[in-house]
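When the chains are written out, they are named A, B, C, D, E and F in that same order, and each has its own residue count from 1.
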Amino acid sequence: MAVAVYPGSFDPITRGHYDIIERTAKIMDHLVVAVLRNSSKTPLFTVEERMAMVEELVGGFPNVVVETFDGLLIDFVRSKEASVIVRGLRAVTDFEYELQMAQTNRVMAPEIDTLFLTTNLKYSYLSSNIVKEIALYDGDVSPFVHPQVAERVKAKLLQK
Amino acid sequence: MAVAVYPGSFDPITRGHYDIIERTAKIMDHLVVAVLRNSSKTPLFTVEERMAMVEELVGGFPNVVVETFDGLLIDFVRSKEASVIVRGLRAVTDFEYELQMAQTNRVMAPEIDTLFLTTNLKYSYLSSNIVKEIALYDGDVSPFVHPQVAERVKAKLLQK
Amino acid sequence: MAVAVYPGSFDPITRGHYDIIERTAKIMDHLVVAVLRNSSKTPLFTVEERMAMVEELVGGFPNVVVETFDGLLIDFVRSKEASVIVRGLRAVTDFEYELQMAQTNRVMAPEIDTLFLTTNLKYSYLSSNIVKEIALYDGDVSPFVHPQVAERVKAKLLQK
Amino acid sequence: MAVAVYPGSFDPITRGHYDIIERTAKIMDHLVVAVLRNSSKTPLFTVEERMAMVEELVGGFPNVVVETFDGLLIDFVRSKEASVIVRGLRAVTDFEYELQMAQTNRVMAPEIDTLFLTTNLKYSYLSSNIVKEIALYDGDVSPFVHPQVAERVKAKLLQK
Amino acid sequence: MAVAVYPGSFDPITRGHYDIIERTAKIMDHLVVAVLRNSSKTPLFTVEERMAMVEELVGGFPNVVVETFDGLLIDFVRSKEASVIVRGLRAVTDFEYELQMAQTNRVMAPEIDTLFLTTNLKYSYLSSNIVKEIALYDGDVSPFVHPQVAERVKAKLLQK
Amino acid sequence: MAVAVYPGSFDPITRGHYDIIERTAKIMDHLVVAVLRNSSKTPLFTVEERMAMVEELVGGFPNVVVETFDGLLIDFVRSKEASVIVRGLRAVTDFEYELQMAQTNRVMAPEIDTLFLTTNLKYSYLSSNIVKEIALYDGDVSPFVHPQVAERVKAKLLQK
């Protein structure tokens, strides 16, 4: 049974992330969406808030669970007895960084492989950072995130 | 059950191709290696010879079969009731072309997805063309292809 | 008055080409769509057929004309008393080639500049070659070209 | 009448920026050079100083004005009743980022388009950051910025 | 006599850096490994520690010396009466940045040239940052650095 | 003594090639410019004509010789007892291809290394093909090749 892990900060989950999760859930037997606890950058949302938003959107998928992780990704993948890391690919700069991580992980954990899906064209230049930047200046983020997420981003920025 | 198709010319199969097949066979339930019959470029080997070389190397894998195809890849994938196309990624130029094909195929067949694996570093700059060019000038191709394939390349070039 | 030239083979005109013409026509005072007569590759359509397809689609735009050209692009641009070359950018490989041409043209004709528009995401991986390849295998090209063009491609391939 | 906006930090304006302004002013009816007030990075010069340097160099162009902006670029572009954003392209890394911004802006404001000019070869690897780094170590920045700007950079670094 | 300078932070020296030094020492008459004193980022090791690690590994090479530098690289290169800067190239993102530096340095010091060696495939996606990140989470860094360096990284992180 | 080989088709030698030769001759003890006899593409000039043009331009350099070669580059490099291959780098597409060749050559001949120089900015988008294309349409090629070469290109095209 092929278990896959889809790691990320999901700060917040975008329509691009959702698209990758939905497609991977069709291909893999089981998918763990792994929300990174301590990112080096200060996230806008706490890890609990980020998990809640992901779960709200993908909780209905029968073969998807949402968890948090910390430390080395390959240690988390091994703890889940997973054999596959899933990543979305957007553009060339992404590609280089993703390749670097995939090759490093392979040297450290040869039994784990990395699969890449290309981001849907509609979301191909989308990132969580752009969503936050647009929301900060009161722009409309509904083309980029689901309505529930848009609400939370707006509410969070009002608190600040 | 996730069925995947790995298409290519395999003229001839390299250690890089073999690596992708071996890794995909671990992740997917079933894998069809699809040898392209009519490539636009004139191949060195006939499609039967190319299939025979692939089968000799991967015939022992219980969930891998080798077939030929012609026409649009998505038509072949549908005829196999497969949902996934697998491709190896080497470098930036590859990446652009592969993305173009993946996006075009998605527009034409939204139910089929393309998965990318990164080539093993050892084979990351390897191609069938380089193998043939080296063999043409009597260079040693054993780092790039299996011994059986090296033999056949040598024999084929002597006929010419 | 800023006159721009949009050169290409248009073999055939795609929805991506159309998008660039439509957007450029809004920005520039006058636009000349310049159909390259003698491409190094053998085109599927004659230059007259390619012009006819472009004219059918963009003939209604008041500030756009369709012409053919041969020889150096900068000589044609000068003959039109234009000061701008317009090109669509799709991806990295494109970008390098387009930059090379833009820089070469600037050395030869410093008074002419090249403007780039990024291709609409929906058409970002589209090319005339892909359209022809799909049509050759009886695939549906309607997402990529206008219906009139799709008809002509089908008819042309039947003649062969 | 085509009005264009050329946004940037201009901290300080380089010969590369000047080249883009000069060329755009020939193509567009009206050009607004838009100096970003609050960059996420701490600028070396205040927005007033950056504006003054730009104005000193391009103030003589009859169809160019210099303004500041804050918030979303597309909101500023709309407030100017402009329809075009102009950006200079240097290299591949640039290209990816610029494409991302252009596509995001198009989703948010379909009536606004982004035009790219390729940087003059002589300035193709130049950035404000490099100018500041060289000046910091007492290097000669005159190949990269106009003499007035070089003076101000030197004076500013002495204050620190 | 061709004297070359290989500059870097070496925080710490990786097997990839070692590979570049070993190969350059065979080609150039004399090589100065130049450890950057004040990096903009806070280094893990002091410049003395970084120099000591480099010297421990390459001190036995008869034509290699290890020094520190500060300020503009071209000033250091001139002070050594060297004519060549050596850099390792890993991937596309590297390449763009390296090209930018090489071109800027050529404008400022036309008598100094930059030579690039491609990183050995085995180390092609390796960086000092990845080594530190892996060590931070108790991962095994021995594939990426020499044993002496691995010891020091471990000890240093325990102090923190 | 470091002997380097600079291989190419030189059909014809451009100002960009000349720049690489001139700079390499300063760094290496001895340089062999190696003109490829049988290119897969049909060259405009015979190998004798291409050699003559190179020799006319660089014959005066005391440590440079011009030769022809055929077959595998590494066999030629070994026959010259050289240890270094020199290549000019222009842009990203170049870079990928050059890396592929360098890595393949390293696997086949670990004792031979490849050094890259970045092309002078002025010639950074220049190629022999562009020169020939421009000359074919009676364009002025003097910015791209030396006057003697321009003469020969013109004369050669008149013969056709």
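By our rule, a contact is a pair of C-beta atoms (placed from the backbone, for glycine too) under 8 Å apart; a residue touches a chain by one contact, two chains touch by 3 or more.
All of these numbers come straight from a predicted model, not from anything done at the bench.
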Co-neighbours of subunit D and subunit C - touch as defined: A, F
Path length in steps (a step moves to a chain that is touched) from subunit A to subunit D: 1
Centroid-based (C-alpha) most distant chain relative to subunit D: B
Contact-richer chain pair [B-E vs C-F]: C-F
Centroid distance [mean C-alpha coordinates] between subunit E and subunit C, Å: 47
Subunit A-subunit E separation of Cα centroids, rounded to whole Å: 34
Multi-chain contact residues (two or more partners), subunit F: 92-93, 96, 99, 103, 121, 124-125
Every chain pair in contact, whichever chains are involved: A-B, A-C, A-D, A-E, B-C, B-E, B-F, C-D, C-F, D-E, D-F, E-F
Residues on subunit E engaged by subunit F in the complex (per definition of touch): 2, 23, 26-29, 83-84, 89, 92, 95-96, 99, 102-103, 106, 113-118, 120-121
Residues of subunit C defined as touching subunit A within the complex: 92, 121-122, 124-125
Residue ranges of subunit B touching subunit F (in the complex, touch as defined): 91-93, 124-127, 130, 134, 137-140, 143-144
Residues of subunit C touching subunit F in the complex: 71-72, 74-75, 92-93, 96-97, 99-100, 103-104, 107-108
